[in-house]
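You will see subunit A twice below: alongside subunit B first, and alongside subunit C after that.
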Partner chain A sequence: MFALLSFSGDALLGCHRSYRSRPTHGIGRFKYLLPKEVPKRKKEKVQMKEISEGTEYQYGDINIQMTSYDVCLVEHFAQYVHRLCNRLSIRVNESYAMPTKTNEVLFLEERGSKMQLDAVLTTHQRVVQIRGLSSTFAPILLEIIQSNQPEGVHLLMKQHTEADFKSRLKSRPELEELLAEMS
Partner chain B sequence: MGKKVKVAGVELKDKISSLIYYFPCRAQPKKKKKVDVKKEQAQKERMKKKLKKLEKAAPELIPIEDFITPLKYSESSRMRSLPALSPQESERRVLLLKKWCLFKQKQDEAEKKAIKGLVESQQEALRELRLESEELYQAAVRRDEGLFPFQRDGPTYTPPLPGYDPPEGKCIDITKVYTQ
Partner chain C sequence: MAAPLAPGSARWVCSARWVCSARWACSAAAERPWRLFGAMCLLRLPRITQPLEKEEEEVAALMEQLELEKSHYSDHEIRKLEEEEQLRRKKESLYDEDEARGQTVIMAQDLEEKWEQKFLRFKAAPRITDADKSNDRKSLNRKLDSNLMLLVKQKIGNQELWLLPQVEWQPGETLRSTAERAMATFLGDHIQAKVLGNAPYGIYKYKFPRAIRTENNVGAKVFFFKAYLQSSDLSQAELKADYLWVTKKELGDYLKSEYLKKVNRFLLDL
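Coming up: the complex of A and B.
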């Protein structure tokens, strides 16, 4: 008799769990009524992105580094360069700031051997990283950027390397010590 | 009365202490080599564990001081009270702003036009070169390895003074070093 029951009816009825066919099935469900919760984003680990070498007709990752003593000038110039690259449909990988360097300038007094503090200068650097610059367009881009270079802002364009990325990270003396000891 | 001991066919002297002369032994028994090796292994394992733990921690970026507002500027005690502007003054300012916007727009359009012109002339030159010789065209389209790294100092307001004698001095780097 039980075998007859299992073969008659649809799959739900045929299932050995008889309560799934009852009208009260799923009576306690409410989670489908609540708004969807966005899963918490874990802190993204700082990882180096792949450095592309580029082909014969395209340059790989290039860093446009702008250095100056004046923060406003360098910031605005970096923004200008970024917007220019967007407008010329050049892919911008990253646009970041390098850590600020502080220098104390001392000068020797005219009469005397004591060094006097003249000024405390802060050097700021901004980097715009681009990829896939075509070889024919590169000189034009260089020309535009140079013609718009503000006063006192030093421009440097070079290929992106791992060392450049590592210079942004904090130094870990303990790890280095342990590695030196191990080897 | 000392004993006479005959050891290894050699007659020893009277004192028993002379035995030490022939059989040098330590006050403490020497530590077995096995214990040493175990200790070393344990030490190595501890170091490896420490290394793993340190390596697990992801590297952090150095915080940029430019983006951190110093606390003294967030004190609300310093507030500047600006004087009220007369309608003529505000009118003048708005009109000046509009003139400046127009000027900048013209400048930007001129720049875009210049870029377009440059690109077009370059493309035409390449097309002509291609018609002339395929070899030269291929060589021209290749990327220039000597282009990067490229450096240029920004222009200065005034040229350097001739015959300027700067005072002697030095520069000390006092950047804060962050360690993880």
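Coming up: the complex of A and C.
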């Protein structure tokens, strides 16, 4: 029977699977030998990582925030600061971007017909978070970053607080309403 | 970054050592033969960026050209092209009635001309100020692209020397407050300066000449602190002695060589 099928040159030609009665049935199985995988949970709630408070000789979490109207400048500067911290072996917790804010500038000229010239300005912000900056080295780092600051970029260094973390998350008013109703 | 980094790490180590020795010294105050001074290096930060080098300018021009060729058209440019098309078609043939509905009041070309005129009216402030041309070293408006430091003429022993403002340390106060006091004596109380950190940036020690040297008074150690000038408005400052604002390169004209060596170690000039 099998020989006839192979001669006919049909779809069953490339089939090397042994049937259940053959002794070699299930010869390639290995998945049952691997350790059991825990099924991944879908979406975990974003937990806030612990904010370390500094000791007397070390700062805790510090945010270096860079704001500018120009995306390329601010991104390149953030990259530069990140790499500088890597080279100086300062631990960088995270490096993220805040959502961009768009401002519309309207000029109201009152000569004859009221004309409105529009300009659209986008403000971009990048944050590099640092941990474990020693107090003797902090002013030197600040000086290096300040002297390498490009034009048009505002620099702000501050301690990381819970409010900063919360500002990255979007609030869900419906969820809050329902929770308030429940409790 | 190698040059500024090496002094930084060396400074860190020597400031840690200084902390240990200062604590030890405070307990045995009577037998110390060195007099301590706290000096303040007041820096005015640069206000504009330094001009690019030749290679940097060439690279910048090349990158700009590359990006221009790779980029897509913006909304404004698309609009301008479409309107030019319309105008061209109007001139060649009479399709006015069909396209007159989509006619905008303001053409993109007009907007561009308006922006050009506005740009021509804008005048940027000069990079080289009057103080630069007259080389007036007492004004803060000079050399807007580099750090300016305060130098004061002080009387040490029987010599009048140009130094960073320094004042003797009194027991019971921290060295940082000594440096702040030094700044206050020379510039008055209403200085908005931000001192960077509690650790000194450098140290200069010298022995007194043999004539004055005694058992208890071998020499003096000067600890340098750095501060940034926040406001450039010094009208309220009462400057009592001769003062100068100089850049790092011009320091050599005024400071002694040994002193200059130690001061140059902690000055960052990028």
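We take it that the second predicted complex is superposed on the first by the 127 of 183 C-alpha atoms of A that agree within 3 Å, B and C clash if a C-alpha of one lies under 4 Å from a C-alpha of the other, contacts with A are read in each partner's own complex, and residues count from 1 in each chain.
Following the convention adopted for this analysis, contacts are C-beta pairs under 8 Å (C-beta built on N, C-alpha and C of every residue); 3 or more make two chains touch, one makes a residue touch a chain.
The structure presented is a predicted model; accordingly, all values stated were derived computationally and were not measured.
A.B. asks: Does subunit C touch more residues of subunit A than subunit B does, or is it the other way round?
C.D. replies: Per-residue touch count on subunit A favours B.
A.B. asks: Let me test your reading of the model: by the given contact rule, A:100 touches which partner, first (subunit B), second (subunit C), both or neither?
C.D. replies: So A:100 only meets subunit B here.
A.B. asks: Touch check for A:150: first (subunit B), second (subunit C), both, or neither?
C.D. replies: Touch partners of A:150: subunit B and subunit C.
A.B. asks: If you stack the two complexes on chain A, which partner ends up touching A:136: first (subunit B), second (subunit C), both, or neither?
C.D. replies: Once the two structures are laid over each other on A, A:136 reaches both partners.
A.B. asks: Which of the two partners, first being subunit B and second being subunit C, lies in contact with A:181: first, second, both, or neither?
C.D. replies: After superposition on chain A, A:181 lies in contact with subunit B alone.
A.B. asks: Does subunit B (first) or subunit C (second) touch A:162, or do both, or does neither?
C.D. replies: After superposing on A, A:162 lies clear of both subunit B and subunit C.
A.B. asks: For subunit A, which residues belong to both interfaces, subunit B and subunit C?
C.D. replies: Shared contact residues on subunit A: 88, 135-140, 142-144, 146, 150-151.
A.B. asks: Over in the complex, which subunit B residues touch subunit A? Could you list them?
C.D. replies: Listed in rising order, the residues are 47-48, 50-51, 54-55, 58-67, 111, 115, 118-119, 122, 126, 141-144, 147-157, 167-180.
A.B. asks: For the complex, which residues does subunit C have touching subunit A?
C.D. replies: Residues 1, 4-5, 8, 11-12, 15-16, 45-46, 48-49, 114, 147, 196-199, 226, 268, 270.
A.B. asks: Looking at the complex, which residues from subunit A come into contact with subunit B?
C.D. replies: So the residues of subunit A touching subunit B come out as 45-47, 54, 56-59, 62, 68, 71, 88, 97-108, 110, 115, 118, 120, 124, 135-140, 142-144, 146, 149-159, 168-175, 178-179, 181-182.
A.B. asks: Taking the touch rule as given, give the residues of subunit A at its contact with subunit C in the complex, in rising order.
C.D. replies: Interface residues on subunit A, with respect to subunit C: 84, 87-88, 117, 134-140, 142-144, 146-148, 150-151.
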